[in-house]
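Both complexes shown next keep chain A, but they swap its partner, so chain B is in the first and chain C is in the second.
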Partner chain A sequence: MKIYFKSLGMHLKSELEYRVNFILSFLSQILVFFTYYFIIIALFSKFNNIKGFTMYEVLLCFAIIQFGFSSNEVFARGIDHFDKLIIRGDFDRLLLRPKNIILQVLCSDSDFVKSCRLLQAIIVLIIAIIKLNIKWNLMKVITLLLMLLSSCVIFFGIFLVAASYCFYTIQGLEVRNVFTDGGKHMAQYPIGVFSKGFVLFFTFIIPYAFVNYYPLLYFLGKNDSIIYGFSPLIVIVYLIPCIIIFYLGMKRYTSVGS
Partner chain B sequence: MKFISGLQYRSAAWAGIATQFFFGFVYIMVYIAFYESGGKDIPMTLAQTITYLWLNQALLALVNQFTRDQELFKMVREGTISYELARPKDLYFMWYFKVLGQKLADVTLRFFPLILVTSLLPAPYGLGLPASLSSFIVFLLSLIIGSLLVTSLTVLYPILTLATMSEKGIVNIMITIADILSGVVVPIPFFPIFLQKISKLLPFQYISDLPFRIYVGNIPIKTCLPGIIIQTTWLILLILIGHSLMKKNLKRVVVQGG
Partner chain C sequence: MSFIEVRQISKTFRVAKKKSGLKEAFRSFVKREYLNIKAVDDISFSIEKGEIVGYIGPNGAGKSTTIKILSGILNPDSGSCKIAGMTPWKERVKYVKKIGVVFGQKSQLWWDIPAEDTFDLLRDIYEIPEEEYRTTKKDLIEKLNLQDIINIPVRQLSLGQRMRCEIAASLLHNPEILFLDEPTIGLDAVSKQLVRDFIKKLNKEKHTTIILTTHDMSDITTLAKRIILIGKGKVLYDGSLKKLKDKYETETYISVKTKDTLNFKKKGIISKKKNKDGYELVINNKLISISELLTFLSHKISIEDIEIEQEPIDKMIVRLYEDYQI
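Moving on, here comes the complex of A and B:
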């Protein structure tokens, strides 16, 4: 862990060397990110609700997904851009070092410009929670924290699986955008608004529903079952096969040379 | 030339098509859920909105203001623009037709499969027929003007970077705003009223929003003439601006690298 934070600090320092560029990219990222919220706000100016969910409920849902996605972009960019690591042959260097391989991949890159998305997600989250008048109790705090955690975990898992795919093809996988970007777009709305097939797929194959639908129902008081509150834990179970797939892929790895 | 080399990347195109189908479906299900929940003064019918969204997906490669490979930006950044300068042709129009060719190639690959499949889809999900034969003809006319217009914008952005040297920052912010105001993200009629008024004064909504709304009948043929006149005016204006700006910027251009 110590190594990881040290390398994070180094990446931050190197990015701050180009200060003007950093600030400008930061600002433009804020704006790019705003377009996502714009869709929701624009649509809710014409429609009253979406299958019983109000604007702030949808924003809460979205903020949780964005939180997970962007924290992966900031802190786990090495996994996100794993194909680059393979193509350049840098992965061989990592294999030679006597440290955990996933940890090293995490250390290899990070993108602090994207931290503005993280910041925005947190701001939107807070605004949504204030506007929603939640009846707080301990369990709801736990549920909220679990939702945020599982949101990070699910994207980490998807990135890992997509990265293991690179072992076979060397190239990045374009279809994976369907699961990351596409999943992100879809999961910004409570998954219950979609048709049955989608809901099933994103409950059991890629468990987005456990990140921000079932726990959300509990959190908003639409469902009182405490199991719903703890359901994000299932996502953590899903991480195990993802890690196994990554290590299996690594066994297949042959260097591209450099 | 650009057209043929673009056709080479067929597998990338298939992955792109799959992604667009997925996104199209997600958006449509969101809109269906919104329509089922009801609202006040909804500007378009559900069928119109869905047809609009599919047209948007099918023609995205044409009406999008970004190009896939960012070649022109790279030329400016890496200094290979110097080769271009050595050629005895008007650089603006060379770039212009290069971009247009690429857009046409990209859209040909994606357009037919998407249109074919979406028009066969069952009732609420499918692509609808044009409002009438005459509106279809006017749609084609304004789509042609719109694609010439979007090309003039796509060429304009790298020309702007001739002055700033990096496409990050200001130009990026501009592109993001232009993207929202073109209606690619949310159809213009769903915008808040004040934003619709601003958008009317800018060229972006005349790229694809105008032709699509003529197609679905949201803008009746009788009232579409002013729109097409404004569209043509912007086209001529933007080509003139781009052409003169390029001349001016090239006079004091700094070629990066050797």
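Moving on, here comes the complex of A and C:
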């Protein structure tokens, strides 16, 4: 873990080498991502709810997914851009180091410019929570934290599976964007607003529903079952096959020419 | 049991067969044909502790693939390999602590920050004790002459400076085996010399086993007593450089400065070319010795000056490759 934070620090150090570039990208990212939130606000100026979810409820959901996605972009960039690691041949280098491979991939890259998304997600999250008048209790705090955690975990898992595919083709896979970006856009709204097929898919195949639908129902007081509150934990189980798939892929690694 | 034991290792790559042109690109997008390429085919050898072995062969012969298998990056399809009692691709984490690898064409240093920061990170990765780290680092800085460059962002270093830092980075954990994959590629004469001297010293002082691939034959002549030649994935020659030289170095180049004309034929003279000062001769050592030729020449003509040159080793290698049809 010490190594991870140390390399994170070094990435920051090397990004700060290009100071002007860093500031400009940071600002432009902020502008781009506020448009996402404006879309939701615009939508709700026409309709005052979607299938019973109000604007702040949707924003909360949105912020949680953005939080998970962008923390992966900042802290697990190496998995997100795994194809580059393989194509450039840098993966060979990682295999020569006496440390866990997934940890090293995490150490290999990070993108601090994206931390502005993270910041935005947190701001929106706070605004939404204040406006929602939640009846707080300990369990709700736990549920909220679990939702944030599982949001990070689920994207990590999906990135990991997408990365495994690189072992077979030495190429990034656009299909994976259906599950990451596409999934992200779907999951930004409470899954329940979609038709039943989608709900089943995002419950059992990629468990987005456990990140921001079932726990959300509990959090908002729409369902009182405590099981719903703890449901994000299922996502952690989902991570296990993702890791196994990654290691199976690694056995097939063929490297690139010198 | 030798320190490094490689037994009948094979590795096949499956590559998509592609023809040029957009139409073909579309076709291969839909239906792909594959070719199996044997990068390494039934290779066996053993290396003792403390040896320096030059691993040579033309481009695409399988040199890098072998290095990647030996360093645990790739799993071979078949065969076995024991290095210091371990199988590289099975006990990866334990094994890689004992080896250092330098890829001449790939950098392991962080591009935008000084090399010293990379060194510090490597200390944590390899869990090198502080005391040991400090002495090794000091030693490497001294021997590779890094004092002035270690605090400059790597991207601003010249290739030669960077290569010295690369080598230092691979040796911080005092590995028992060092793999060097084209360590002198693109370096100028001074840097090359520095790198070679350093490798020699390392081998002598720490008995590090060194396996070196290169296309620069002077690397081999200065460093390795033993060479392994591979081509098309097979071991073609394994033995001393001297023996190979005796077998292949059969031509000597002699340039004679004279005003007279040479008008004779003699067995053993392969070619004769006139230039403005005299003649350039190529002789076959097996048919005529240099002293024989000199006595012969001095009887025929008056020699003002003479220069004798052995066949360059590069040319010898070309003939060697031709002989083995690789």
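Criterion: the second predicted complex is superposed on the first by the 258 of 258 C-alpha atoms of A that agree within 3 Å, B and C clash if a C-alpha of one lies under 4 Å from a C-alpha of the other, contacts with A are read in each partner's own complex, and residues count from 1 in each chain.
Criterion: a residue touches a chain if its C-beta (ideal position, glycine included) is under 8 Å from a C-beta of that chain, and two chains touch if they have at least 3 such contacts.
Fair warning: this is a prediction, and the values are worked out from it, not measured in the lab.
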item: Touching partner for A:Lys251 - first (chain B), second (chain C), both, neither; value: second
item: A:Asp90 touches, of chain B and chain C: first, second, both or neither?; value: second
item: Partner chain(s) touched by A:Arg19 [first = chain B, second = chain C, both, neither]; value: neither
item: Touched partner set for A:Lys2, first chain B, second chain C, both or neither; value: second
item: First (chain B), second (chain C), both or neither touched by A:Val193; value: first
item: Partner chain in contact with A:Lys135 - chain B first, chain C second, else both or neither; value: neither
item: Chain B - residues contacting chain A, complex; value: 12, 15-16, 18-19, 22-23, 26, 29-30, 33-43, 166, 168-170, 172-173, 176-177, 179-180, 185-186, 190-192
item: Chain A contact footprint on chain C (complex, rising order); value: 13, 63-64, 68, 71-75, 92-94, 96-97, 99, 101, 103, 105-106, 108, 110-113, 117, 120-121, 124-127, 153, 181-182
item: Contact footprint of chain C on chain A as seen in their complex; value: 2-3, 6-7, 10, 13-15, 17-18, 89-90, 92-93, 95-100, 251, 253-255, 257-258
item: Touching residues on chain A, where the partner in the complex is chain B; value: 21, 24-25, 27-28, 31-32, 35, 38-39, 42-43, 45-52, 174-175, 177-178, 182, 185-186, 189, 193-195, 198
